[in-house]
Amino acid sequence: MNSATVMMAEMTWPEFAERLREDTVVFLPTGMTEQHGPHLPMGVDHLLPTAIAEMVAGEVDGIVAPTVNYGYKSMPRSGGGPSFPGSTGLDGATLSAVIRDVIRELARHGVRRVCVIDGHFENLWFLNEGIDLAMREVGDPGFRVMCLQHWEFLNRETLERVFPDGYPGIELEHAAVLETSLMLHFYPQLVRSDRIPDNAPMDAPPYDVWPARPEWVPGTGSLTSAAAASAEKGALMAEQYRGDMAAAVRHELIE
Amino acid sequence: MNSATVMMAEMTWPEFAERLREDTVVFLPTGMTEQHGPHLPMGVDHLLPTAIAEMVAGEVDGIVAPTVNYGYKSMPRSGGGPSFPGSTGLDGATLSAVIRDVIRELARHGVRRVCVIDGHFENLWFLNEGIDLAMREVGDPGFRVMCLQHWEFLNRETLERVFPDGYPGIELEHAAVLETSLMLHFYPQLVRSDRIPDNAPMDAPPYDVWPARPEWVPGTGSLTSAAAASAEKGALMAEQYRGDMAAAVRHELIE
Amino acid sequence: MNSATVMMAEMTWPEFAERLREDTVVFLPTGMTEQHGPHLPMGVDHLLPTAIAEMVAGEVDGIVAPTVNYGYKSMPRSGGGPSFPGSTGLDGATLSAVIRDVIRELARHGVRRVCVIDGHFENLWFLNEGIDLAMREVGDPGFRVMCLQHWEFLNRETLERVFPDGYPGIELEHAAVLETSLMLHFYPQLVRSDRIPDNAPMDAPPYDVWPARPEWVPGTGSLTSAAAASAEKGALMAEQYRGDMAAAVRHELIE
Amino acid sequence: MNSATVMMAEMTWPEFAERLREDTVVFLPTGMTEQHGPHLPMGVDHLLPTAIAEMVAGEVDGIVAPTVNYGYKSMPRSGGGPSFPGSTGLDGATLSAVIRDVIRELARHGVRRVCVIDGHFENLWFLNEGIDLAMREVGDPGFRVMCLQHWEFLNRETLERVFPDGYPGIELEHAAVLETSLMLHFYPQLVRSDRIPDNAPMDAPPYDVWPARPEWVPGTGSLTSAAAASAEKGALMAEQYRGDMAAAVRHELIE
Amino acid sequence: MNSATVMMAEMTWPEFAERLREDTVVFLPTGMTEQHGPHLPMGVDHLLPTAIAEMVAGEVDGIVAPTVNYGYKSMPRSGGGPSFPGSTGLDGATLSAVIRDVIRELARHGVRRVCVIDGHFENLWFLNEGIDLAMREVGDPGFRVMCLQHWEFLNRETLERVFPDGYPGIELEHAAVLETSLMLHFYPQLVRSDRIPDNAPMDAPPYDVWPARPEWVPGTGSLTSAAAASAEKGALMAEQYRGDMAAAVRHELIE
Amino acid sequence: MNSATVMMAEMTWPEFAERLREDTVVFLPTGMTEQHGPHLPMGVDHLLPTAIAEMVAGEVDGIVAPTVNYGYKSMPRSGGGPSFPGSTGLDGATLSAVIRDVIRELARHGVRRVCVIDGHFENLWFLNEGIDLAMREVGDPGFRVMCLQHWEFLNRETLERVFPDGYPGIELEHAAVLETSLMLHFYPQLVRSDRIPDNAPMDAPPYDVWPARPEWVPGTGSLTSAAAASAEKGALMAEQYRGDMAAAVRHELIE
């Protein structure tokens, strides 16, 4: 029995109905299936927001809807791009439609507070669009949605401790210290610790080109070194997420 | 370490690349998030095809792509319909687009064999359409896709053992003996055994109406009694799936 | 002069306006243009629902809107599939859009009751989707739509008389006893009686594959024998349709 | 038996296959369901191109595909607009998608020559777009499509005989002399001869406004007088169509 | 400083907000980028409506929104078609979506009167559709839109002065006397006066074919002679536009 | 005469055809119409990339296609959001479709090198998607597209000179020092110099919410102070753009 689960997929419908109050927040984890270097599994971008959503939902008595496991197509400068086998993306309009439909259906159930937690950099604008389309269709000014990408919650203090030599920015952090540390914290059994890469950072120009140039991207798929990753750093970030995301959710959606 | 996993989301990209041969079958589990009576979790329709895909992939050295957790909107006569809280469906074109995009991307990776395993009755035609659109875009006559709904593989002998009083057909079997038994086999910890319903079967007319009529559907959400469900029946069905699906996949996609 | 016609295309607009009351049912026949064996014309799937709609509309003082002559793409296991010349299908989203637009426009005219009568197995879910999209746009809880596929109205007694050796199910009945008998009843001049096929039933597996396998389908295009068809059986089914469909329409849409 | 029919819906698939040569022209009649004054049925715009296509196909040994009975939304200045009950239009993208799908499917059958014959003024640009989209998808430079609106074939001599006082242009000719005469020729039993209107012509400004102004349109729905219509004028126009359309089709698609 | 500009792109947002009253008309110029003969620039179809909108807005204290510079694909019989380098068109659904979105957003700002001024013959029906879709989404019966193609405002008297030998109709007037004269009036520096063509008129049949036949179109790209063009004729037409368009806009949208 | 213009809209088609070689770069400026504080016109986001494209095209003998004047909807944290009058955005799929269509048409003309220059932060991912869709349709591996947002080309040295107190990042720079300085350089007559705002920077949280919170955004619409802007700083940035963009374009698309 799972009477205390926050996972919607594990609840019966009467349990879901019972839990649902005016200000219950339904979390929607979104991500991607794409290469994450030689040491991380291809599900990182959907596994992390699922774990983070479960953690934050526990803090605010929320519910976690099933994860959207596929996201927008990988781009070379932020995820390594289309040339790595396994990176499996959706067209932008498809992703926006999934988000629109799920949110519209949640609103139809009586849900009035949704928080999208994303783990794939390239998703953001198609999530924004899906939410905007849903708001237009729901047409209820009291219905509220929040959307966040988890790394945006890292504050200066945490960043200084995780990146004592300086934070390179989220684009370079693909399959590097940030994601590896969080995976070591949340899913240690899925990290191939003996293959953590230590390559030089990608040196990308300030623009994109099509067809993509595989030679722009380090051969490992990690856009910079992950050598400094640790489960401790992962725990530190997770703790900040737990506190700050719960506070933000309470501030925007509950109180 | 998960070196033996068949789950694509748990593989690194070099592991995926290494495994991928000309005739490797990539399984795509598809389902829904919807009410399944007072005793089954709302994820049944995506949890079962995920487990079945993992089992069959193990038989044929295949790979299981991440599950599509949302499916087509529930209809009263087969899933209870829109009036149960928690049933969260996609528009038809959205579901078809997800399937089209994922299959097109798999083909771009060099995958040449895909098997969609579905667990939600209402999905079938939107899966068919998504596959057809992908075939048109892939444009490679050697690229092959197979699509199945798991219960279609139950043969007369199995059905007679699972339903000694006669098989009522898959539509009535929503959240009833078939699904409950399979959940007791694959996910026993998610079944609320003390709440297995024993209601009379739904008595639906041979047509649909809009707006939906909640009064057509038994109040439990199970479309007929699930009282005769058992883990043994689940195991029996699972074994048939293991053998017959693997044989069909080998016949159509590998040999 | 056609003052008594129920066909909307044959009415002038003042005649249509005069006839239209709060509970007038507008019937929308939908179908397909596809192979129906060596003996039946390719219009069977739109010709039959047109005739049935005209018959039922006569019973309930309804109106028959012009027929949608093209439907969803033929599949091998239910219609013979794409390899027969002449089978001319629409994409799923196209069919849904046609249904959505026609229903939305009828609602704009002041029509409040619509009954879709379909004659092509593969259409059902795209009709459902089109109706659902129209309901969302019309946004009037008093606006009601009913959707049926004609063979679903055949009751046990009729089936036993039409199929003394057992009803093989609608998928196998493509261009076989059921459709041939109804065509002999409604459109005898369009049946090539000297070419009624008597082939063995299709033996299809419980899944679909792409590209389609023409060798699954009997060469005639009839999925089982039509030899036992007769105009009398057609009349018997038509009479059941007349009574039971009119009763269902009255029950759901008028009374 | 209909061995000599040119109507695809009345052919069996072997008859269709036998008839189809490299240069066989498949005609696709397109139209609308909309008000046509107090004397003409609402199907005029699809009934006329069906009859014309059948006539021209007979001249060039062609085939007539089933008619598309719904077309683009009526506009006040050419069809009376949305305020007449019964005018039932499709969105532009829906109509284009129907045309695209039907032409793509015909090309898949091996058809290499298509001629769209349209009877609804407002359809033209959505037909053009549907054909253009189909050409892009078919991708075969030897595949040819022709598209015409029937009245465009009336030459000066015919116009002078039909309109001795001057041709007012096709927009004003909605449900007036041109269409009434052709209906009296092709479908005399569908014309309410005692209600042929004789109203003054619509006096519309050189622009459109939304919401539509019903007061711009004569109350009859005929945009000018139909009093001068006659079956003889219809026959005259039909004969010109027979000769000139057949010649144009031969010139562009066959020779 | 541009305090007196009517161009929205040159206003600050407080200036725009200040100007916007209940009956302020926002003009939306639409056009195309396509060949206009050897003497006119490819921007004619968007340059002219921009200048005309600016002129008329000045008369009625209106505002001119930024121009939509791309329009529907050129057709041989009205614009020369796809074979001229530089003709850069949008799909029909794309153009309709742009118009729908811009009008919906203007309505969201509090704009209640929009006037679309178009300069590209082939755009009209996709503009109509975009406006219709916007009206449906805006859902405010007091919101009004007007749509015009500028040449439709030329009255008999002006036409007789501009075309003393007879007006050939707008399709033939592509890159000919009408457009050349207006360009000489509004943008004289953009006309290559030494290359004004004097070719015979296009002799096109009363239908279209795909693939397009470049040989139908005069090699210059002008569909008939432009030799009789002059700045004086341009001024004459412009003056009629100024008076009559302003009057129509006042009549339909302001008074 | 404009024989030396790089602007496609001002060229005749023979001039365009003559200029077009295998490696000619066609620049496509994209932007938005939205609030830019009390001192800048609402066209900033399309005016700047137009000027920059013209400048860079002059360096590399390129051509500038007409500007796309509308872009993706403004968001509070980067552009002030939907609550400012005048901000007029497109849906994401609309913008992507415009880009896809224009690029596909340029490829049809024989253009083989396209460079999108964008001036609206929120556009990026919908441009990426439009380009990706065009690449898929063009299907020519030798066809190359480059996409850039102009501020990404500012190097450390320039940023230190323009922002001696530190660069706040592009999101905060909306209608502030960067854009104001560039406008003072390129379009000084459009800047209301007496209304340059000096408000404190926006203090936005690391997430978005719907409905948007107008109170997050400074009342001026400038997301931080623009007081330090100057034409000299604009010239400095413009010079870097001229050199570095031309070099990047040569490197990626020409050499």
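Labels for the chains are A, B, C, D, E and F, by order of writing; each one numbers its residues from 1.
Going forward, a residue touches a chain if its C-beta (ideal position, glycine included) is under 8 Å from a C-beta of that chain, and two chains touch if they have at least 3 such contacts.
The structure presented is a predicted model; accordingly, all values stated were derived computationally and were not measured.
> List every chain that touches both chain E and chain F.
none
> Measuring between Cα centroids, which chain is at the maximum distance from chain D?
Using the mean of the C-alpha atoms as each chain's centre, the farthest one from chain D is A.
> Same or different for chain A and chain B, when you check if over half of the residue numbers at their contact belong to both copies?
Both copies, chain A as well as chain B, present the same residues to each other, with over half of the numbers appearing on both sides.
> I need the rotation angle between the copies chain A and chain F from a CA superposition, between 0 and 180°, in steps of 5.
Answer in degrees: 180, to the nearest 5.
> Using C-alpha centres only, name the chain that sits farthest from chain C.
Checked the centroid distances; the maximum from chain C is F.
> With contacts counted as defined, which of the two, B-C or C-D, has more C-beta pairs across the interface?
Taking the two pairs in turn, the one with more contacts turns out to be C-D.
> Could you tell me the distance, in whole angstrom, between the mean C-alpha positions of chain B and chain C?
Result: the chain centres lie 29 Å from each other.
> Rounded to the nearest whole Å, what is the centre-to-centre distance of chain C and chain D, using the mean of the C-alpha atoms as each centre?
Chain centres of chain C and chain D, defined by C-alpha means, are spaced 26 Å apart.
> Go ahead and note the Å separation of the Cα centroids belonging to chain C and chain E.
47
> Of all residues in chain D, which are in touch with two or more distinct other chains?
Within chain D, the residues that touch at least two other chains are 73, 91, 93.
> Which word fits the touch map of the chains here: line, ring, star, complete or other?
Drawn as a graph, the chains make one closed cycle, so a ring.
> Would you mind writing out the residues of chain C in touch with chain D in their complex?
1-2, 7-14, 16-17, 20, 33, 35-43, 46-47, 65-70, 73, 82, 84-91, 93-94, 97-98, 100-102, 105-106, 108-110, 189-190, 192, 195, 221
> List the residues on chain E that touch chain D in their complex, please.
72-73, 75, 91-93, 96, 122, 124-126, 128-129, 131-133, 135, 141, 144-148, 152-153, 205-211, 248, 252
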